[in-house]
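Each of the next two complexes has subunit A plus one more chain, namely subunit B in the first and subunit C in the second.
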Partner chain A sequence: MQGERPGVRIPLSGLLAERKDLLWGILWFGGLALTWVWLDVYLNAPARILVGAACIHTFSGAVAAVVVALVIGWGTALFLHFLESTRRRGAYLAVSFALNLLRSVPQIVGMLIGYVIVTGLTLNEALTSDTSLILATSLVTALFVFQEVVDLIRERIRHFESLEFVSALLVCGIPSRVIINREILLKNSMPYLVQKSVALFGRAIFLICSIDFIVSVGLSAEVSLSNLPVTLGSMLAKLDSKQDILAIGTAFTDLRVVPTLFVEHLQGISVAFLIVYTLLCVYRIANGLMERYRL
Partner chain B sequence: MRSLPAVVLEHLPAVLVVGLALVAVSALMRRNESASRPHADPLIERYLAIDSVDLANPLDRALFRDALGVLPPPGVTNIDSLMHVLEETRLTRFTDPSRKTGGGRAVLTWETGMAIVPMYAVFLLVYLAVMVCTYFAARALAVWKFIAWKQGRASYLRRYLASVESKGLAGAIRRADLLVMSALSGIASLLLFAPAYVIAYSFRTSLDTESILFLIPLAVMSNGILINEANHLYTLLVAESRKGYIQTAIVKGLASSYEWDTPGGLRRTTLLFPVRGARGHVFRDIYLNARLQFIPSMKEHAAFVVTGIVIIEMALNIKGHLCYALLQHMLFREFDIAIAIVFAIFLTVKLTEACVDLWHSLETRKYDNAG
Partner chain C sequence: MTPSRFDISISAGERLLVDVHAFPIQEGAITFLFGESGIGKSLIGKALFGLLDESEFRVRVNGMSYAEYRESAGARAARANGFFMFQEPSSHLNPLLTLEGQMKEGTLARAPDPLGAARELWRDGDRGTLPRILPVYPKAYRPSGGEKQRLLAAMAFTRMDIAFADAVDASGEPGAPGLFVFDEPTGSLDREARDRFLDRLFARFRLRHETILLITHDYGMISYVQSRHRDIGKDYRFMELFVSAGSARTREFDPARFLTWLGGLRAEPAVTAKKPLLRVEGEIRVFGRVLRFSQPGGGTGRDALAVRPGELVYLKAGSGIGKTTVAKIVIGLQNADHFRLEIDGVRLGDVSPRQYWRRHLWGKKMTMAFQHADESLNPRASVDDTLRILNMKTIQDRKGVAMALARLFDTGEIPGLTGKKVWQLSGGQKQRLNLLRAFALETPLIILDEPLSALDFESIDRVLGIMRDARVRGRAILLISHNEDIFDRLVSPESVYSLESADPSFSPS
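Then we have the complex of A and B:
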C-alpha cells in the first residue's frame, strides 16, 4: 500500500518514522535533562528545588495512578467476565450500570469531589505524610481513568474467545483464569497494555496538574496548598509563576521581553513547558507504540 | 438497533440513581456540617451579648475583668482563662471563614436554584458550540492526516533531514523553509496539548480571556481535546482502509488515488465535506464506515469537553459562569447548591449520550439489511 511506505528512507529520518515511541522517549528525557541544566544555571536554588519536587510529585503521582488504574481495571474486567461467564445476569448488569454511571461523570468534576474528600481527611489528620496524600490523590485520579483498562482487557478477552485458541486451551485442561491472565493478557496483550499505560500516564498528568491548579484557585479555605505536596499544577498557580506566564503575553507586543522570558521569568515558563512538553511527548510515545505494533 | 423509548429507558435509571444519590449526599453533608460546627458556650455567649460592654475596648475589658473578680461566676476559678476564651470567641467571629459569607451559608432554595439557570444556559451554549466546532475541526484534521499518510508525505523535519543527508550544506540552506515549517508545526502541537490555563494566562495581557468568543476557541483547541478526537477518527480511517472490502473495491476499479484535484483523485473540499467531496472515490466508503464506529466515541468526547470547559471556567475565575459558581459554593461549603450544579453537568453529559445513541441508531439503520 502506498501510504505504508515512507516517501523518504534514509538512516536518520528512518528512525523518525519507524521507532517513534523510542525517539519521543529519548526526546522527552533529553528535554527534561536540558531544562534541568538550564534551571541549574539561571534559576535560584529554592525555586529550582521546588520545581524538582513538583516534577517528582507529579510524575510519581501519575505513575501511582496508572498502577492503581491497571489493578482496579484488571480486577473489574475479570469480575465482569466471571459474572458474564457464570450467567449471573443481575449482578453483571448492576456492575455494568455502575461503570457506565462513572463514565458519565466528567473526570474533572469527579476528581473535584474526590479532592473535597481528601481535603476533609487532611483536616482530620487522617492523611499527613506527602506519600499518603500523593497516593490518595492518585487513587482519586485512577477511579476516573480505570474504565479504559476495563474496556481494553474485556475487548482482548472477547477477541481471543472468538478464536479457536481459547477453546483449544480449555480442551487441554488449562483453567480459564490461566488462559486469561497468562495466555491472553501476559503473552498476547502486553503491547496493548503498555500503550494504554502510557496514554493513561499522560491523562493522569493532565488531570493532576489541572485539579491542583484549580484547587489552588481556592477550593480549600482551611487547607492551604503548602500542606499538600507541591505539583507542577500547584506550582504554576503560584502568583510569581502566573506573572511569569503573563509575561508571554507582553512579549507579543514588546519583543524586547522575549530574551528575558527564559532568564527572568524562568520559574513559571519552565513549569508550563514541563507540563506541555510532557503531555506532547507522552502522546507521541503512545501513538508511536500504536503504530509500531499496529494496535 | 434502538428506538427513542429504548434510549430514554437506558439513560433514565442512571439519571434517577445519580439524582437520588446526590440528594442523599447533600442531606448527609448538611447534617455533618451542623454537627461539626462548634457549639458556643452559653456563658460566653451571654457575656458577649452584653450591649453596654465593648470587649474590643481595653478600658471596658479591664472593668469587666474587675467586675468578674468581685462577683466570680459559679464554677469559674480562673478569671484570666475566662477572659482568654472570651477574647478568642470574639476574634473567631471576625476571622472564621464560615462566618464571613454574610447572613450565613446559602442553601438550595427556589431563588438560589433559579440563579443557576442563566449560568447553566450559558454553559450549555458554550458546550454545544465547542462540541460542534470540535467535531468538524477534528474531522477535517483526521481526513487531512489520513490523506497525507496515503500520499506518503513525510514530516517537514524528515524532509529537511533527507535534504541535508542527500545534498549536504546546500540542501540545509536551500530547504531552510522546511525547518521553519517544522518549528511552526511543533509550536502548533504544543498549543494543542497545552492545558487551557497555560494558553489563557499567556494571552491574558493582550486579550479579554473572559469573553465567550475567547472561551469557545480555547476549549476547542486546548487540553488535547481536538488532537485526541482527530487521532481517534484517523486511527479508525487507517484500520478501515486496511480491510479486505476496500482492497476489493480498488481492484474493481473504484477511484483510489489520493492526489489532490487530479482525475481519479480527491478534491480539496473533501477536507470539509468528506462524503460529498469524495463521491466515486474509495475514500467515501472508508470514511462512512469509520464514522459509524466513531459516533459512539462522541459520548466519551462529551465528558472530555465538559472537563475542558470546567477547567477553563474554574482556572480562569470567570465570574458569572456555572463552574466558577460551583467552585465558589464548594469554597463556602454550600454543598447542596454545588451538588445541584454537579447534577446539571451530569444531566448535560447524559443528554449528549442519549443523543449520540440515537444518532448512532439512525446511522446503523441505513446499513441494516434486515431493516
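Then we have the complex of A and C:
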C-alpha cells in the first residue's frame, strides 16, 4: 500500500528522481516565480497586477473548492456508511439516487447552472465581496467534484472493514466513528486523500478557467465578468489576451513575430502559459504521489 | 553449503537486520532454529538458500558477496538438490495449478509415487480429505492452512525421497547434498499432525542424513524430539535467534531448560462453584457443518462449553475444524445458521441483533486477541496509540503506556518502542502488543486465539504469567491454541474442551 520501505534511506541526490511529486512541485513553483519575474520586467503594471490577481483568485478558488469537496465528500461518505451499516435501506437508496442524479449532470453544464444562481445572488446583492463570490463559485465547483471523494472514502472503508484489525478494534469497544475517521482515514488513507486533493485542485482550475472563459460573453445585462473576480479563465477571454493568443498563430507564418511574443504579447501568452503549465505540473504531481505511495 | 559455520550479515539500506557469526549448519544434521517471529529467522534461511533479492537487501555470507555465494558450488548444489518450504503456504502454492498438479510438478514428477508422502501426513490416508483437496486450485481460504502446510511438507519429503533414490542408484561418488529448509512448517498444525510431520521427517533423515534447517517458534517440538528421537541426539541441535544491539544473533538453546520449565507447569484447580460467565450450547451449525463440544477430561459440562469467572478454559481441535470460527461466533463477529449462548445471564443466538454485542459486550464484558497479530493491529498506528485508544484510566499518558508495556516487554526495550509504528515491530513484539491490548481492557471474559504463536521462550513464560494474574483477578479466559504441550499441563482436565465436527463428510486430518 504505502511506499515506505523500512530502513531504506534515500540518498539526497536521488531524492528528486525518486519523488516525482516533489520534483514537479518545485518545477511548478519555480515556473510561476520565473514567469512573475519576466512579467515584472516586461509587462506594464496594470496588466501585471491583473494577472497576479487572476492567479490568486483562480488558485485560492481551486483550493477552496478542494476543501469544500473534501468536507462534503467526507460527510456524505460517512452518512452513506451509517445508513448502510444500520440497514436503513430506504434512506440509503434515496441518498444514493440523489448522488447518482447529480453525478449524471455533466460538470460544465452543472457549473453553468451554478453560475446562473451565483449571478442571481449577485443581482440580489447577497454576494458582494470578491471573497464571497470566490467562495460561492468554489462551492459550485465542489458540488460537481466531491463525489470522487465520496467514492474514495467509501472504497477505503470497505477495504479496511474486510481486514482483521478493524474487527480487533471493534471487540475492544472502540466506536466505529473513531475507527473510521482516525484509524482508517487519518492513519491509513492520508496519501490517498492528498493525491485525490491534488488531482481535484487541477480539476477545479480546469473547470474554473473553462467556465470563466465560456461565460465571458456575460451572464446578464448587469452581471458580467467585469463584476466577477478576475480569474485566469476570464483574463484569457479579454480582448487583449485573445489578440495575444492570435499572435502565436501569426508567428507560425511570420517568424519575425516570435521575439515579440515574449515581450509585447505577454498578457495573453503568460495567462495561457500559467493555465497549461499549472495543469501539467498538477497532473504530474498527482501521478508522482501515486507512484511514490503505490496507490 | 560446504562450510559448516556461516557468518551472515543482512542489511536493508542503513539498517543491519541480521548479523550472525559462526552459525552452525552441520552437513547431514538437523538444525532447529527457534526464536521470536520477525527477527530474521526466515531471512537466514532464505540467505543460505540463495533466495534473497539483492536489490532489497545487502547480504554477505562468509565474507563473500551474495552473488559470489549464490554461485558457489555448495550453494548451487544446496538449491538444486534441496527444497525450501515457505512459512506462508499460500505464497508457495501456484493458484493457477491444481494441488495435485503441483505435487507432480518439475523434479517431483520423478518420484515413483508423488502423492505417497502426502498420504503419510494425513491420518486417514487417501480415504479422507486428501483426495478431495487434490483437484482444488489453492485459494486463500481453501484448503485450510494446515492442509496446505502438509502438502508443502509432502513436496519436501518427495524431494528428499528423490535425492535418496539418486544416491542409492549412483554407482560412483554420491551426489552433492542439498539443503532442506522448513520455515515454520507446523504453524497451522495440531500436535498430532505436527508429531506425524516430525516422525516422517526423522524417518527420512535416518535413511539419508540430509542437511536440514527447521525454523520454528514451537518450542513444544523439543519435548517430542527429545522423547522420540534422542537416540540420534548427536545429529540434531537446537539454536535460538535473539536480538542484541538491534540485530539478530544466534546462540545454542539448551533443551533441558525448556523441558525443566515444561515439567514445572502445574494445572490450576478447575473452577466449578461459580455460575458460568459464558455458556455455549453444544451444537453450532455453521458453513454446512455441525460443531459439538466434548470434554475428554470428563468434565460436568456435557455438551455445553462453560467458562466461569477466574477460569482458564482450553478449547482444542484438529486443524481446520473451526476453533477460530467458534471464537468469532461467541464474540459476535461471525453469524451462524444456529447457535445459542448465554453471557452474564443474557441469552443470545443466531437471531440476536449484532448491535447487542457492539453496545453491551465489546470492550465491556468481553474482548478477543486474534491469532495473527500482524493483521489485528493497525500497522500505521504507533505502539502508544494502540494502547491509548482503549481510553483506559490507567493508560492515559506515556507513563501509563510504559507501565502497561512493562508487563510483556523488557525495560530497556520500552523507551524506543512507544513511538514506533506497528509495522516497524517484529512479529513477536506485535503479538505481545496484541495480547497486552486485550488484557489491558480488564473485561470479565477474554478470548485468546493462539496467544503463544510468534513468541520466544521468555515471552511465552511472561504471557502465561499475565494469564495467571488475570485469572487471579477473576477474569475468565477462553483459550484456543495448538500448543498442547504447554496447555495440556497448565489447564485442569475439567476445563479442557474438544471441538468436533459432526459432519460425516468432514474429518479432521
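Going forward, the second predicted complex is superposed on the first by the 276 of 295 C-alpha atoms of A that agree within 3 Å, B and C clash if a C-alpha of one lies under 4 Å from a C-alpha of the other, contacts with A are read in each partner's own complex, and residues count from 1 in each chain.
Criterion: a residue touches a chain if its C-beta (ideal position, glycine included) is under 8 Å from a C-beta of that chain, and two chains touch if they have at least 3 such contacts.
Just so we're clear, the structure is a prediction, and the values are computed from it rather than from any experiment.
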Go through the superposed model and pick first if A:L255 touches only subunit B, second if only subunit C, both, or neither.
neither
Applying the document's definition of touch, where does A:N100 land relative to subunit B and subunit C: first, second, both, or neither?
first
Partner chain(s) touched by A:I113 [first = subunit B, second = subunit C, both, neither]
first
First (subunit B), second (subunit C), both or neither touched by A:I174:
second
Looking only at subunit A, is it subunit B or subunit C that touches more of its residues?
B
Just subunit B (first), just subunit C (second), both, or neither: which does A:A45 touch?
neither
May I ask you to decide whether A:E164 touches subunit B, subunit C, both, or neither, giving the answer as first, second, both or neither?
second
Contacts of A:E183 with subunit B and subunit C, given as first, second, both or neither
second
Could you tell me which stretches of subunit A are touched by subunit B in one complex and by subunit C in the other?
2, 5-8
Under the definition above, what is the set of subunit A residues touching subunit B in their complex?
1-3, 5-8, 10-13, 16-17, 97, 100-101, 103-109, 112-113, 116, 206, 209-210, 213-214, 217-222, 236, 242, 245-246, 248-250, 252-253, 272, 275-277, 279-280, 283, 287, 290
Within their complex, subunit A touches subunit C through residues 2, 5-9, 163-165, 167-174, 178, 182-183, 187-188
So in the complex, which bits of subunit B are touching subunit A?
13-14, 17-18, 97, 149-155, 157-159, 161-162, 165-166, 189-190, 193-195, 197-198, 201-207, 223-224, 227, 231, 235, 241-242, 258, 299-300, 303-304, 306-307, 310-311, 314-315, 317, 326-327, 330-331, 342, 345-346, 349-350, 353
For the subunit C and subunit A complex, residues of the former touching the latter:
11-15, 17, 56, 331-333, 358, 362-364, 366-370, 372, 375-381, 385, 389-390, 423-424, 434, 437-438, 441
